[in-house]
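Working notes, beginning with the structure itself.
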Amino acid sequence: MEQQPTNIWIWSAIAVLWLLPLLSFVIGLVLWRKRKSGLGKFSTSLLAVSTLLSWLIFGINFGVPESLLSLSWWKVGTTEFSFSLALSGITQLLLVIVNTVSLLVHVYSLEYMKDDPGKNRYFACLGLFTFSMLGIVLSDSLLLIFCFWELVGTSSYFLIGFWYKKESAALASFKAFLVNRVGDLGFLIGICLIYAIFRTLSISELQTMVDAVQWKGEVFNFERNGELITSSPFMFTVISICLLGGAVGKSAQFPLQVWLPDAMEGPTPVSALIHAATMVAAGIYFVARVFFLFTPPALFIVAFIGAITAVMGAVAAISQYDIKKVLAFSTISQLGFMVLALGVGGREEGLFHLATHAAFKAGLFLAAGSIIHAMHRFAHETHAHFDAQDMRLMGGIKKYMPTTFLVFLLLALAISGIPMFSGFLSKDAIITKAFSWASAEGGVRWLVPILALFSAFLTAFYMSRLVMLVFFGSNKTPGLGEKSGLTENGKLITIPLMVLAGGSLWIWFNWNPFGQGSWLMDLVATGRSTISGLYLETTNEIPHKTIAIISILASLTGVGLGYVMYDEDEHQTIAELEETTTKPGFWSELSFNNWYLNELYDQTVVYSFNQLTKASSWADRRVIDPLINLTGVLMVVASVVVGWFDKKVVDGLVLLTVRITEFFGNIARSFQGGAVQKYIAWSLFFTLLVVTWILIK
Amino acid sequence: MDIGIIHYIFAALVVLSVLGILVTRNLLYAAFLLVLTFLGVAGLFVLAQADFVAVTQLMIYIGGVLILLVFGIMLTNRVAGQPILTQLNRTVLGVLFSVALFASIVYLTQGFQTTEIVAAPHAIQRLGMAILTDYFILFEIVGVLLLVALVGAATIARFKGEGHG
Amino acid sequence: MGNSIYILLSAFVFSAGVALVLTRQNVIAVLIGVELVFNSANINFVYFNALYPERLDGQFFALVVITIAAAETALALAIILKLYRTYHTTNLDEISSLVEE
Amino acid sequence: MTTFLFFLPLILTNAVLGIYAERKISAFIQDRMGPMETGKFGILQTTADIVKLIQKEDIVPAAADWKLFKLAPVIIFTAVFSGFAVIPLSGAWDGAGLEIGVFYLLAIISLDVLGILMAGWGSNSKFSLFGALRSVAQIISYEVPLGLSVLCVVMITQSLDLQEISLSQGLQSPNAVYLFGVVKSMDVSQWGGVFAWNIVQAPLLIPVFVIFFIASLAECNRAPFDLPEAESELIAGYHTEYSGFRWAFFMLAEYGMMMLVSMLAAILFFGAWNTPLPNMGVVKLADWTTGAPGSFMSYIWGVFWLLSKALIGMFMHMWIRWTYPRLRIDQLMNLSWKYLTPASILLLLLCGIWRLWMIA
């Protein structure tokens, strides 16, 4: 590969922007339990510097080919593992996204978490998260990525369980952590397999090897340290699937998406940062980084997983009443979209959607947080007790919180795929790619673009439902009069919202609001060869305009349907709300309960585990315990025998030795009884003996 | 006056006093008889042309060591009007050993060439010179030894509180 | 033939000292015996020095012995005092233990 | 031998006259008459006392160890008496001419400690024992500064022989004598007399003499160092149980001891048997008061000067006894170990330096 001369200024700037969040975390560790001292402003300013640096790098290094920084890390025998960082277009993009969203969330949190006693802990964890997320972004070594991968999971665990005194929050953090472990297992196996085959963990070196791979009909040939290695495509498929496992866990793809809705137990800014914009996107980012390893069969699986996830998430989002739950399922759906994009070969399209989604989904979460914050404040002021996140208790909020409404509306339009917004551009690009992929191969592959379209439609639908329920109609909040009540939040909350809403406009990505793709796609494109590219593949170009019209139609239909269906006010008292959680009906319940996935897992995985536990417990008690008891009894018998032998024979011998020693000891002792004169007498005696001997001689 | 007779007189003094020490069980008598022994030995030293050693013997043994011994006797025995006696132990053994020792030494040194003792002029001056030149190091070492012994003795004999009174 | 009177005397004093050391139970009596032994050595030193009047080694060594005897006595008596305070006796046969009983 | 024959009667006379002198001097100091009845001015008082003592019964306490008890006064007297053996009386009449006279004298003085111990133990009385122990401790302690101060003189004169020391302090001095030992230009060898005395030859010896004098007082158990026989505490110390003739021995020894240390002081510091009068020009006072060496007159002059000096020393002993109060035992020990001993060690060092720089 063309090794760019390492620019020392760029790399030191990266080191600074990377380590500043870590500094925030370290200071946070010191101030962990302090309630008064404000770590927040300090962390925020650190992150502002970090963000500024990331933008600078983005600007200065724009379009510069990938460069690498490799330091010796540790050695096992002759194998050296390097601490290598890579800086490429995709890295720069992610640096900007992560830093910017993190900065906005920090600013937002200054207001949102103002009264929380654990805010220092909160900001420290945010610092740790940002640091490890940047680590994932920057790392070139798979091992390093895995380390930061786990660190990100850890900080996510901390933040989901931030209000750890609440049982549901603690359980949600456990769940997120455990479900992620399942995916990470696959990731780890994948890393091991890669090392077994390629003898390296550096992504850039892997890419170089793949560049030189030769396709010999049934097998691959590639060069490894000068020797020619032959490998089957099946092996590569396995590796790809294993690596995908990590992404599936982290990015909440089918079938591991169950943890994400529960993760909404964390503070809303955390949901915006981690569970919408950055960490869950890490899976997408990672697959994009190692995309060149994926074989067509693997990509097929990826595409279907993405499609299924997109539809399942969208369906589940339709019937939720918790405003954050809707957004959580929406996130799952959008992540599915990205994975789908990757699966159909649209690496750039997926990353593009990642970028746009980061902006509008973070904005949506923060806006939802703004509403929840206001509801909370209102509940606190009126001493009322109600669920501040229940949409059925909202309505007509646009009157009270105009800024939030406006922002939310823009962002909702963006996610719904309405033209003039970023969401349309990225979604359109994905659907177009999916259609051309399907038309090239045909068959069951046609399901993928259709499911994508369907989920786009559903997205528009549930978003308009959300907007209708929350902002339009009459207000249903208990105790809310015309004069008193909900008020707009402070500038610290609204400014990040406005920034994100502004970032959701089309103009940043493509001059043409109906245009195809974005310059971002060119930025992240590598132009390097991939495994899947080795297969001769024909792509049918379906006219973009057709696809665009279809997708716009789908979105508009969704929006219209939502507007029509939820225009009517549903008046329900709190008592009625508590009785009915959802509307009756199969589809409704299926959607509300997220396809009963949790119950399915309870019935299958958890149940079988419990059964296994019971069985092993039974085996332990009935089989192993008697065996041990038997051994014990045998031991007792043996020890009695041995004891007799010991007492009679061994002790007898020892006693004999003792008696003999005692006998001689007594003799020896008589020479030295502490009587000094005896000593002198003895020495004299022997002197005389010597004298006598001399005399005789 | 024949020098030989004085020899025998001093020797007799030594022998008699030593016998007295051997016979008596009274510690104080033994100590005071020891004075006689030392005096006799000092006399013999004078006759052997060692004036300085003789006077040193008087000074240190009688003026120092013996006084210490008597002090020791007085401090380690309860004064109750009775004479301070020591018990005998292994008398036969001791006598046997020492007689054997005496006999063997006498036997072994038999035939030792004896020459006439001649007067040594300016012995003191020469001794003084020798001490500060030839034997200087030994002299210093002995001085240090004395100092250390004195400090050690003072430390050991010091009363330490009531516990060991 | 015969021995010099000095050597005989020295042997006699030495043997007497040894006899004292062996037979007396009182520590101070033993010490007296030790002094006798020292003195017998001194007799020899001085006598042999007298045979070689041009040399002074014997006299000097006699002086050293006397000095050392003084130091030894001082220390010995200090130790005896300590022993007496500890055991309340100066009988050597009763002082046979290294630990305080 | 002649020395012996001279000193025995001297000691006896000295004791008789000394006791009388002491009584008269104490009376004078205390502004009273003293003995007046026996003979003119009570001059026969001591004689009468001696007669009384000799007539007294020789009492030995029943519980006493009679051997030690009887032997003790003899030993003490013998020790003191044998000390006189090395005292030179004039240029031609030296004592037992030992090369190591001073050393011998010191050794002999320490011998009388034994007698004291015997007396104290043999009496089997607590007063005697305490007195003896105190006395011994005192004598041994003060032997250190005494010996060191004597060593100073020995260092200056380069001799242990008393006769040599005596000779070097007069007209017969083998070495040249300079004024105060410092002024090299003033050779006063021919002046003799007081200028040749050690204490003038080497003025450094003045503090040495002070130490010597204090230590000698203590050696004699004289006031203010008479703790061993402090009447108010110990009756009469180690000779509490003695009476009659044996007690007289102690008195004899005490006055003999005073005589001895006074003579020693005279020999070491004040020119021994040399005349104090110097030759001054044609007035040959020194020659006139010395006599030609070896002549009969030289014997007479020598004995005269030495005795005079010794008697002046004894007078000073008595004078001090009746002037100063008694020290406490701790003060006594402090004085010896903490002041006199370090001071004399320092002086010894200074004397060595003096000897190296001023005389050599």
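Order of writing sets the chain letters: A, B, C and D. Residues in each chain are counted from 1.
Going forward, a contact is a pair of C-beta atoms (placed from the backbone, for glycine too) under 8 Å apart; a residue touches a chain by one contact, two chains touch by 3 or more.
Remember, it's a predicted structure, so these values are computed and weren't measured experimentally.
Colleague: Go ahead and name the chain pair joined by the largest number of contacting C-beta pairs.
Modeller: Looking across every pairing, the one with the most contacts is B-C.
Colleague: On a CA-centroid basis, which chain has its centre farthest from chain C's?
Modeller: A
Colleague: Compute the distance, rounded to whole Å, between the mean C-alpha positions of chain A and chain C.
Modeller: 94
Colleague: Centroid from C-alpha atoms only, then distance chain B to chain D, rounded to Å. What do you get?
Modeller: The computed centroid separation for chain B versus chain D comes out at 29 Å.
Colleague: Please compute the C-alpha centroid of chain C, do the same for chain D, then give the distance between them in whole Å.
Modeller: 34
Colleague: So what's the Cα centroid distance for chain B and chain C, whole Å?
Modeller: Centres of chain B and chain C (C-alpha means) sit 7 Å apart.
Colleague: Any chance you could list the residues of chain D touching two or more other chains?
Modeller: none
Colleague: Specify, in ascending order, the residues of chain C that touch 2 or more different other chains.
Modeller: Within chain C, the residues that touch at least two other chains are 18, 22, 93.
Colleague: Identify all positions of chain A at which a residue touches two or more other chains, and write them in rising order.
Modeller: Touching at least two other chains: 677, 681, 684.
Colleague: What chain pairs are in touch here?
Modeller: Pairwise, the chains that meet the contact rule are A-B, A-C, B-C, B-D.
Colleague: Which residues of chain C touch chain B in their complex?
Modeller: Residue list for chain C touching chain B: 1-9, 11-16, 18-20, 22-29, 31-32, 35-36, 39, 42-43, 46-47, 49-51, 53-54, 56, 58-60, 62-64, 66-75, 77-82, 84-86, 90-91, 93.
Colleague: Going by the contact rule at the top, pick out the chain B residues touching chain C in the complex.
Modeller: It comes out as residues 7-8, 11, 14-15, 18-19, 21-22, 27, 30-31, 34, 37-38, 41, 44-45, 48-50, 52-53, 56-57, 60-61, 64-65, 68-69, 71-73, 75-77, 86-91, 93-95, 97-99, 101-102, 105-106, 109-112, 114-115, 117-120, 123, 126-127, 130-131, 135, 138, 142, 145-146, 149-150, 152-157, 164-165.
Colleague: For the complex, which residues does chain B have touching chain D?
Modeller: Touch residues, chain B against chain D: 28-29, 32, 35, 51-52, 55-56, 58-59, 62-64, 66-67, 70-71, 74, 79, 81, 83, 123-124.
Colleague: Can you tell me which positions in chain D touch chain B when the two form their complex?
Modeller: 63, 65, 67-68, 98-100, 103-104, 106-108, 110-111, 113-114, 117-118, 121, 124, 129, 133, 136, 140, 143, 160
Colleague: Under the touch definition given earlier, write down the residues of chain C that touch chain A in their complex.
Modeller: So the residues of chain C touching chain A come out as 18, 21-22, 30, 92-93, 95-98.
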